[in-house]
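Next up: the structures, one after another.
Look for subunit A in each of the two complexes below; its partner is subunit B in the first and subunit C in the second.
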Partner chain A sequence: MIKRFVYSQKVAPYVFVLPFILIFLIFWFYPLVNSFVMSFQDRMLGQDPKWVGEANYSKLLTDKVFLTAIKNSVVYMLGTLVLLIPFPMLFAVMINSKLMVGREFFKSSFFLPALTSVAVAGTIFRLTFGEMEGSLMNSFLGLFGVEPIKFLKNGEWSMAALLILACWRWTGVNMLYYLSGLKSIDNEYYEAASIDGASAWQKFRTITMPLLKPTTVYVTTISIYAGLAMFTESLMMFNGNNSPKNIGLTIVGFLYRQGIEKNKLGYAAAVGIILLVIAMVINLTQLKFSGMFKKEED
Partner chain B sequence: MISRLVIICFFIILFIIIMIPFYAVALSSFKPGESLVRYGLNLSLDFKIMSFDNFIYLFTGEHDYFVWFWNSMILTIVQVVLTLFVSAFVAYGFAAYHFKGKNFLFICVLLIMMVPFEILLVPLYSLINDLKMVNSYSAIILPGIANAATIFFFRQYLRSIPKEIIQSGRIDGANEYAIYFRLIMPIMKPSFAAMAILNGMNSWNNLLWPFMVLGDQSKYTLPIGLKTLLTPYGNNYDLLIVGSFFSIIPIFILFIAFQKYFIDGMTAGAVKG
Partner chain C sequence: MKKRSTLISIVTVLIMSLVITACGNPSDSKKETQQLGTNAGENATELSFWTFVDLHGKHLDKMLGLWNQQNPEKQIKLNVTVMPYDDMHNKLLLAVTSGKGAPDIADIELGQFPKFMEGDNVPLESLNDVFAPYKDVVVPSRVQIYSKDDQVYGFDYHVGATLAFYNTEILEQAGVDYKTIKTWEDYKQAGIKVYEKTGKYLGTADTSATWQQSLLLAQQNSDFTDENGNPKVNSPEMIKALEMLVDLQKNNVIHTIPGGQPDTEEAKGEYNKGNYASALMPEWYMSRFVNEMKDLKGKYAIAPLPVFKEGDPRSVGLGGTGTVVTKNGKNVQLAKEFVAFAKLSKEATTEIWNTLGFDPINMDVWKDESVTKNPDNEYVQYFKTNAFDTLNEIKDEIKAIKSVKASPTISNIFNTVTLNAIFEDGQDVKEALDEAQAAIEQELK
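Entry: the complex of A and B
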């Protein structure tokens, strides 16, 4: 009888999605609810929690270090949006043009940096941005007569270093997203535009860009997520979670410092909830703005 | 003709810029770690100080590098196989059936994709602690086994498979699971290849969560191990650079092997919308 029940067409779909339901409830929903509860508590691992109401939140909003972390994360996220959307799009259009040769070669070689781990890439870039005269970036700038810069001790320069690392790792990936977006554009549009005498720029603006919108929305969504949640890059770049004057501290870095290093679970949970709210608000606004909700239906 | 030349030159320059870090690391593998401390990462070809010493040290020296390497290998293989198996199974449920609560559940999938995993670090860690799973690979594998992005990808892929296949299976008297395992799964091969790279890449390179979960040195994975070579008291660059370079190789081979499926398959799900 049980076999009949499980094998029936009515029950089968639930058997298929059951693993997701279980994992979702245990490792996602429960921790999330727990995180919400914890954020109103004063709590340490292995000790009884104490209810403190919204104290964690009000403390956070006046915590200068936390505000620095938010600023760093938001600047980093905006930086990745500005650098990792228009340029990969342009590169994809260029690589896709009839003039290009060696397409496959460039496609896969631009993807290589994404295969490196943060542990490796972060180490490479920390050494590249070393403060010695002979280290890669300084010896390059030296060619133009620039004095050696202490990249990782100065807020603006270290943000630039983090963004260059992000560009190095993700330009190729985003370019691939755009290339597959380009593939779905019907060539007839371009032929029609050519007959009407449109210039290359006009074609790009009126055909390519609008039709790449789903790709752009997707790339924007994942960039917002990744930008706000960045932590390990900074951890590797500064060889630890402590950067001079917190110039490399991100929201997740702050969460990690409070929750894991200092064992203030409640305070860290509140950071998580704030990050969740920021990420959701930005992403939902972005998705609403681009009219994506109408599309996600069967 | 000129514009073709401009484009190609542009891409060659871009290629060189992207490859410089790889070249610099490869070059530094042949230099003593001490020279990195003194001069930083650079492109100078100084044959006087270059040797195979670091490579000899990597293969014969006393360190845990290959323990980490082996751990990463096992963890990545188990994690990828289980994640693909479970996620594809779930995705088929979403793609092939209409059932009560489907939309709600699918919104949950999308929600996970939009919420940074990092916010769950603390509560998830305390859950793992309560479940006595600290220091085990299952704590790394289990939470990600029904991976939202992978489910989403497989579902998009499965939607393009004609429903007639499922119908004909039913007419032939196969049950729902036999239809999935015998008829559908074989068709999904290319999408499995694409997701194997993406999940393999993430698993092989994952640092933060394994770093938190694994306390036992003998269980460290490669990224964690490499990270431990850097300490506030001194850095073992001799091993770090050559080890870093060596760590890229397996994932590079995986990429080359599945590249054909990968480049076409990567976004098939994500972008169609």
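Entry: the complex of A and C
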């Protein structure tokens, strides 16, 4: 009986996807519904919840600190898209090239930062970008006669520092995605192009880039999410969740401040829902425009 | 050849990742639990204690030894867990409000205390009964700040009376005698001389802490909030305070400091280098000098704060950590008795001075010269003058700043936005304070 059940062609797919469905329901769908309900409540741990309707949402839309957090997260996300898609793609192509010497060495050195604890990396970057004359970056600039810069007190500089940290940390990972994408491109295309006398640039533009599109779409999708959800890097860089003039505050940082630091769980839940909506809208738009919803042509 | 290079790369990656993993997550590695009370018998009650200051655990260790000696029938073993500041407060708030996983005893910093007092169900035990025997010997305002509706919920380690710490070496180079600095105008003139003669600043313009605003408000008998606890940060007193600080900044008397305020790693580095000649900080800052600015030994003198006009109160109690008993404990009464003994008794407060260098809230200690002027005490040895000479001189002038529901929001907005806008970007004081008031009201809505 059990054997027949397990071997049944109709049942088997459901058995295989069951773990995913269960994980989805328990760890995603249930908390999501719960957060959605909570976002309409004034809720604090240890106190009885009060229903407040859409008050949390209307307060959020006029909360200047929240708007600053959204701006920071979006700028950071766009910055990571601009830096962490073309360069890793280029590095992957270079490393994949037969002319490349020390390929494995570069692969591991690029990937190494991803293994580093973000807490350690953030702290090191904080010291590197310190405002003292003796901090690494200012000592370096001092060689060229530049006055010390207060990197982490200035919006543009601190965003640059966060993006440098992101590049240092994620270039290797994205590069590996592209390397695996490159492996799936059939060499015959390049051979044919060579016979036709195509230059390296022409091959890259007309063969490599189009065939890497699925990888690019994937990397873009996860980068959008990762950019919007960034929190730990900023927490470590500014030695806490409170940066000067909130220049390092992200949406998740704001959620953490409200929910964990201030015990305003209802308000924090509303932030979470808005983050989800923003991420979904951007990602779905991006997927739509990249043609991912079109049925594959035979 | 290719195989070998792959192998080398893999080994390199493995070694590096091991090294980095060994560095670990600092917030985890800092968390450690240690059992205290080695002299306790087998039947001793086990209690747990969370703190964010390692030294506080050491103090309780000493007190535990005494308690177990004096109370053989009520012996205690204490499991102390030290966690980073934010981590500990966040975990404690979640634990006490959810009723799961909280320790028996915990330290809560004054600025975080209002979060634990919100709503009708305070998750902490009232300490009124164990406080009664000490009522007459402790500074009332330091108990008031941990109270709600006539119930006391925490006992502090110190008064935190704000004092002026002057680097006499730098001042002498500039021809300034710190004893002549009585008013803020004197402070300004002294600072101008110091900058002209030495190129150093007399003090700091703080951007990440509100010590300066607190002391300047207290000196004008004002506060961040009104009598009902509502924020009033754009009051005439606050404007006067900040405009004075901006004037000092413009005259190169004070200057912003890396880290944003004297009690940060970066700022202590600046003090060690001798770039700033004074710190106007609570008494507990003495422990930072002794433990983290050892090179400055013998250079610093302690004096009362300057005031707007002579006769104004010269100090304010700032900072603080209340030790509380949570409602989750197994033996709440024993925990309460021990906390009172470890924080308020004469033995305890003497040790608080000896070990921690704090000005204890039991005033009996302030009068006992065998304790306050003990030549073996490292805090006595470090400074050119004795802290208790100044403390006793100003003891009737130590004002308090209220810690109310709005306080964490006020400090948050001041320390992130307002003070940076004024001292780093030069925003107009009145405008910055109006914006701060609006932001605080919006946040508290």
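Structure notes:
Note that in this section the second predicted complex is superposed on the first by the 270 of 298 C-alpha atoms of A that agree within 3 Å, B and C clash if a C-alpha of one lies under 4 Å from a C-alpha of the other, contacts with A are read in each partner's own complex, and residues count from 1 in each chain.
The rule is simple: a residue touches a chain if its C-beta (ideal position, glycine included) is under 8 Å from a C-beta of that chain, and two chains touch if they have at least 3 such contacts.
Predicted model, so just to flag it, every value in this text is computed and none were measured.
Look at A:5: by the touch rule set out above, it reaches neither subunit B nor subunit C.
By the touch criterion defined above, A:243 reaches subunit C but does not reach subunit B. Set against each other, subunit B and subunit C touch different numbers of residues in subunit A, with B touching more.
Within the superposed three-chain model, A:24 lies in touch with subunit B and out of touch with subunit C [touch as defined at top]. Of the two partner chains, neither subunit B nor subunit C is touched by A:201. Applying the stated contact rule after C-alpha superposition, one finds that A:32 touches subunit B and leaves subunit C untouched. In the superposition on chain A, contact is made by A:252 with subunit B only, not with subunit C. Of the two partner chains placed around the shared chain by superposition, subunit B is the only one that A:139 touches, whereas subunit C remains out of contact.
By the touch criterion defined above, A:117 lies against subunit B and subunit C together after alignment on the C-alpha atoms of chain A. Common to the subunit B and subunit C interfaces on subunit A are residues 45, 102, 107-108, 111-112, 115-117, 119-120, 123, 130-132, 240, 260. Of all the residues in subunit A, the ones that touch subunit C in their complex are 44-47, 59, 62-65, 102, 104-105, 107-108, 111-112, 115-117, 119-120, 123, 130-132, 150, 153, 240-246, 260-263. Listed in rising order, the residues of subunit C touching subunit A in the complex are 2, 5-6, 8-10, 12-13, 16-17, 20-21, 23-27, 86, 90, 93-94, 96-99, 115, 118-121, 123, 207-208, 258, 260, 266, 269-270, 408, 412, 415-417, 420-421, 424, 439, 442-443, 445.
Of all residues in subunit B, those touching subunit A in their complex are 3-4, 7-8, 10-11, 14-15, 18-22, 24-25, 28, 36, 38-44, 86, 89-90, 92-94, 96-99, 102, 105, 108-110, 112, 114-127, 129, 142-143, 145-146, 151, 175-177, 180, 201, 204-208, 212, 222-224, 226-227, 230, 232, 240, 244, 247-248, 251-252, 255, 259, 263-264, 266-268, 270-273. Listing the residues of subunit A that touch subunit B in their complex gives 7, 9-10, 12-17, 19-24, 26-28, 30-32, 34-35, 38, 45, 91, 94-95, 97, 99-102, 106-121, 123-125, 127-128, 130-132, 134-136, 138-139, 168, 171-172, 176-177, 179-181, 184, 214-215, 218, 221, 225, 228-229, 231-232, 235-236, 239-240, 252, 255-256, 259-260, 265, 268-269, 272-273, 275-276, 279-280, 283, 292, 295-296.
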